[in-house]
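Presented sequentially are two complexes of chain A, the first with chain B as partner and the second with chain C.
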Partner chain A sequence: MWQYTLKRIFQGIITIWFIATATFVAMHSVPGDPLSSERATTPAIRANLEERYGLNKPILEQYVLYIGSFLKGDFGISFTQRNRQVNDIIREHFPVSATLGILAVTFAALGGVLFGALTALYRNRLPDTIIMFLVILGISVPSFVFAALGQLLLVNINNLLGFSLLPVAGWGTVGHMLIPALVLGMSTMAYVTRLMRSSMLEIIHSDYIRTAKAKGLPAARIFTRHELRNAILPVVTVLGPAIATITTGGFVVELVFAIPGLGRFFVQAVQQLDYTVIMGTTVFYGAFLVTMVILVDLLYGWIDPRVRVQ
Partner chain B sequence: MSNVMNRELQPQDFAPALALEDAHGLMRPSRSYWQDAWWRLRRNRRALLSLWIVLGLLAFALLGPALWRVDPARQDIDQISQAPGADRSAIIVAPYQPWNGLAMADAPMQTGVLGLGDAPSSQAVRVLWDALPGASGYRLYRNNYPIDEEGAFGLPIVDVMASGGGHYEDRLNLRPGTYYYTLVALDEFGGLTQRFETLTVEVPRVITVEEVRQRALVPDNQELAPGDTVYLAFHPLGTDYLGRDVLARLMSGARVSLFIGIVAPLLYVLLGVVYGSAAGFVGGRLDQVMMRFADFVVALPFLLFMILFQVVFGLGPGQSGIIPMMVALVLLQWPATARLVRGQILQIRQEAYISASRLLGARTWYLVLRHMIPNTLGVVLVTLTFAVPNAIFTEAFLSFIGMGVAPPTASWGSMSNEGLATMLTHPHELMFPAIFISLTVLAFNLLGDGLRDALDVRMRSLE
Partner chain C sequence: MTTPLLQVSDLHVEFDTYGGTVKAVRGVDFSIEAGRTLAIVGESGCGKSVTVQAMMGLIPMPPGRITRGEARLRGENILGVSSLGGREVRGAEIGMIFQDPMSSLNPTMSIGDQIAEPLIVHRGYSQAQARARAVALLDMVRIPEASRRARQYPFEFSGGMLQRAMIAMAISCKPTLLIADEPTTALDVTIQAQILDLLRDLQNETGMALILITHDLGVVARMADEVAVMYAGRIVEYGSVEDVFYRSSHPYTVGLKAAMPSNDPERQHELRPIEGSPPDLFSPPVGCAYAARCPHSMQICRQQPAGLFGVGEAHLARCWLQHPASPHRPAGLTLGGHGHE
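Let's look at the complex of A and B:
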């Protein structure tokens, strides 16, 4: 287990380095340079700015400096927002995205497991048909439509009630988070439901369930102890990639609901060509995702002893 | 089962079987793998329906513009944000004449302080008012919604600093519908007072003979006189916020969305097949290195890098942004197929028929082309079908956040983006492209499920 953990961590570090390098190469092949979008500058000011951001050095030296500062955890200074560190931007906006993402993953996992188990228990009966229809809808409808519909629904509910039950946009209280998180987790919930259904169906027909029934165990105990516990395993494996899609897929929800998350900030930085912010955010997100995937892998090994043996 | 059980047994059932000549022959015509898969797919009604939907969407994109010959970029300024089935009638009036501020012959009766000087129309609303006691001036407001107790007056359109009665001609962006005008008395410093009068005006849509002729709304030889009704251009699915025909835009958007959605997966699946089969077949150290690289590419945060690539390629003026998006998709999405195909090739390499073929003297390229690649085609086809909705989603997502195709080009994603702004008042502008995206994704997903069952492919992941 320790060896496996160390190996995964080492792989993760190499992957993050690759992401940082790919980002560096991508950003340095952008036509023009970061300062060309500025207002007309005199050569002296330009030289000063280049000196400030280290743009006058040879590309390899820039690369070494860039990796070096990343190792120190320093993502540099924003190009468009004077005197604002990329670190500060991340520190300020990432918790918002993370809160939203964690809530969405929680919704998706709980809802998916619950609905998936229900569909398997009521196979080919009404609850199954209804839920599977909703699942197909959840997989086929793009997130921005859900976001728009969610907001429309909130507006109508608030109008109908005559007071504001849940805020329509913005950030700050739990009320602000519920609907955006639900919308964000929707497609993952549909996906988890499908996965849970097939894994549950497989387990319901397995020998040890028949044994448990033959022993006379109560149905509730079979369900919680034997069926649910084993059926959940494949769900855990998709949670890592799910966290990835949910955190990076947050842009749309953040945009529609006016949530001050890192995703919205990233889109803004791209539109303004704020190079350090783009690079810092990408690498930060990449590192975050790699960490999450590794954590989920290790968690899986901890839940399912069979993985450890391999 | 039950048929056999319930059958009445006859004595001849117990007679010894005759030795037939062709007892070992094939009873049914033999079917190839693909024929068999097609047969199974045809029995799957959901998959078959999806196949028809996909064909229908392709026809919509390719043949649609030939049948519905409306320029998707043409703006119909008389019909902006019109929902499908909205009233298209317009009454013919004389060309616009300047107004002298006096009540005209066909003006409605003035009942209150605020009244109309002429029959209101989308050409102009002419407002007259009598003096309000104690007013030093007036401010006129216009609102699209009724003015209730605490309601706002709406858009201030004019200030008149004169104590007597006055008049104003409103020609500001008038659309057919109901307008609520409010006249507020001003004090001598131009400040608002509590004294106000309101007026509700129904504005009908009008058009001049010249405009009708210019837009060829009626045959050239038809006589037109003021008061006649003509019908404006027909838009089956309504118009968007710039007055463009939604159906025509959906068709040209379908070309963009389906082109990216189908061609990009074709390219990256092809790249994945070449890469994966090379790695799987060569094996050894090179295979390790190649698959490590694929792992790295998988680890890149996908949407962030899609956006990053859009920046890297940069859009010049007049470029649609379709090609950069395809290149980015291909660069980032090939590893999933490569992994899958490599796994398949490794598996097939162990099969007995490969050893047999080798024993018979088959060369390597023959093995690869004749046995390995055809045997992975089932998996590849299923991957491809599931890759299409993915690519369509990505395109829609990027266009939605404004990082996809550049504005004059329509795509379902960019149309949704434009429709979001007017979602509350004109939901059709968002709903139609959203329905098309959902329908396409749904059809390809169900088709993929059907193909997977028909080809009996065991897929470990549904990437």
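Let's look at the complex of A and C:
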């Protein structure tokens, strides 16, 4: 088990290094640099700035410098935001994105498993038909539509009630988080529902459920001890990548609900070719995702004994 | 006559499918006494598994349906009933083991926990008590290093060991009846013998009755006291193992015996299957279901279903040849006492 964990961590580090290198190469292949803004600069000023930020050094040397400072945990200073450390940007805004993302994944996982199990138990009956229709909606409608609709609905509800049930936008309290997280997790929830439904249907008809029935176990115990744990395995597998897409893909939802997440900085940085911020946020996100995937793998081993020994 | 341990009478089971209604079991009667072994024999699809699964309430309904009949354990109906006087039927009164031990155990639960489960549910054992008992049961089914093995998972066991674990699980609550649905079909021959020996020993120790479902006549000869031969959803011959083997009274039983491969090349060098195939149970034939394949079939066989005729004491055959007025006396078939010399 320990050997497996160490191996996964080592693989993770290689992956992060690869992400850093690929981002560095891609970033420098794009024409222009952080200094090429609309404001005209004289060649002398430009040379000074290049000297100051080390942009005049050979590309390989810059690369080594970057990797070196990453290893020290320093992502450098932003080019475009005055006097702001990339570390500070991440430290201030990532917790917001992460909270939103984790809440969204939790909604998606719990809701998906619940609805999936429900549809399987009520297969081809009314609850199944209704939920599966909503699932198709959830998968096909993009998140910004849900975000706008969710916000509109919230406004109407608040108007109707005459007081603010939940805040429409902003950040700070749990109330601010609920609707954005739900919107953000919607498509994943729909996907997990479908996955859970098919995996439950397979397991309900398996030989070992027949055995459990022959043992005279109550239906509730068969469901919790025998069906759920086995049905949940494929769901756990997709949860890692789901955390990835949700946390990085929260940008649109963050924008609609005016949430000060990291997504905004990420997009801005790419537009302005803010080298340090691009590198910092990308490598940080990469590391975050790799960590999540490793955690999910370890969780999988905990649920399924067959994975543990290999 | 005292009430038998289990009495099944006139059991009918149907399944609704897209193609129509399959009449899988069409009136099955049998009984079994405590401590005895009844073998139910027949080819695939003859309804032998459906019969016992219906008794155990394991048939998914829908599409399945028990349209008629009853099963009584010590005189009390168990069809559609989950407990008798506070004692659960499934898992406590009747234990059951299945054909494929590899897929019949939960892959994500330790063997010990799976054996302990019925004890916790039916007997109110604590987790620790049940675990300890599970180890003792594993020991009883001759699994070495039982306490270490109890913590392992099904994928760490071989097929034969899994079937032993299944048996330990089925007998954990000391059932009065154990149903074994083709317990050795998925195992190789040497392991088969071990499992059968184990079942017999456990039966001697605990005095439970055993219903053994199989299509292997070798297993029947080795294990059974009574035999019920099933064909197309009905019992066609019923009797003691000696009666059914040495005084076979239904052409189907004779055909089954002849189809059994022999390892003596002098006597037989090719398989002798029964010609034809079993009838379509969507619309079973009006007369005897075996008539189309029977070498001795008569006109009446196709027109009217045969009743059960007594051949000897407690030996029954569902065949018109056994009718006192039957004109035929085929060789190799024992006929009942009805006036022939």
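Just so it is clear, the second predicted complex is superposed on the first by the 299 of 310 C-alpha atoms of A that agree within 3 Å, B and C clash if a C-alpha of one lies under 4 Å from a C-alpha of the other, contacts with A are read in each partner's own complex, and residues count from 1 in each chain.
Just so it is clear, a residue touches a chain if its C-beta (ideal position, glycine included) is under 8 Å from a C-beta of that chain, and two chains touch if they have at least 3 such contacts.
Model, not experiment: these values are computed from the prediction.
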Worksheet item: Looking at the overlay, what does A:N124 touch: chain B (first), chain C (second), both, or neither?
Response: neither
Worksheet item: After superposition on the shared chain, which partner residues are touched by A:L255: those of chain B (first), chain C (second), both, or neither?
Response: first
Fill in: Which superposed partner A:Y285 touches (first chain B, second chain C, both, neither)
first
Practice prompt. Examine A:A148 and indicate which partner it touches, taking first as chain B and second as chain C; both and neither are also allowed.
Written response: first
Worksheet item: Is A:R225 in contact with chain B, with chain C, with both, or with neither (first, second, both, neither)?
Response: second
Worksheet item: A:I136 contacts which: chain B (first), chain C (second), both, neither?
Response: first
Item to complete: Using the superposition on chain A described above, determine whether A:G216 touches chain B (first), chain C (second), both, or neither.
Response: second
Worksheet item: So, does A:N83 touch the first partner chain B, the second partner chain C, both, or neither?
Response: neither
Worksheet item: Does chain C touch more residues of chain A than chain B does, or is it the other way round?
Response: B
Item to complete: Kindly list the residues of chain A that each of chain B and chain C touches, one partner per complex.
Response: none
Worksheet item: Across the complex, what residues on chain A touch chain B?
Response: 14-15, 18-19, 22-23, 26-27, 29-31, 136-137, 139-145, 148, 151-152, 155, 244, 248-249, 251-252, 255-256, 266-267, 270-271, 273, 278, 281-282, 285-286, 289-290, 293
Response to the item:
So, in the complex, the side of chain C touching chain A is made of residues 56-58, 82, 88-92, 95-96, 98, 100, 103-110, 117-118, 121-122, 153, 155, 166, 169-170
Fill in: chain C-touching residues of chain A, taken from the complex the two chains share
206-208, 210-218, 221, 225-226, 229-230, 233, 303-306
Fill in: chain B residues within the chain A interface of the complex
295-296, 299-305, 307-312, 314, 389, 393, 396-397, 400-403, 416-417, 420, 423-424, 427, 430, 434, 437-439, 441-442, 445-446
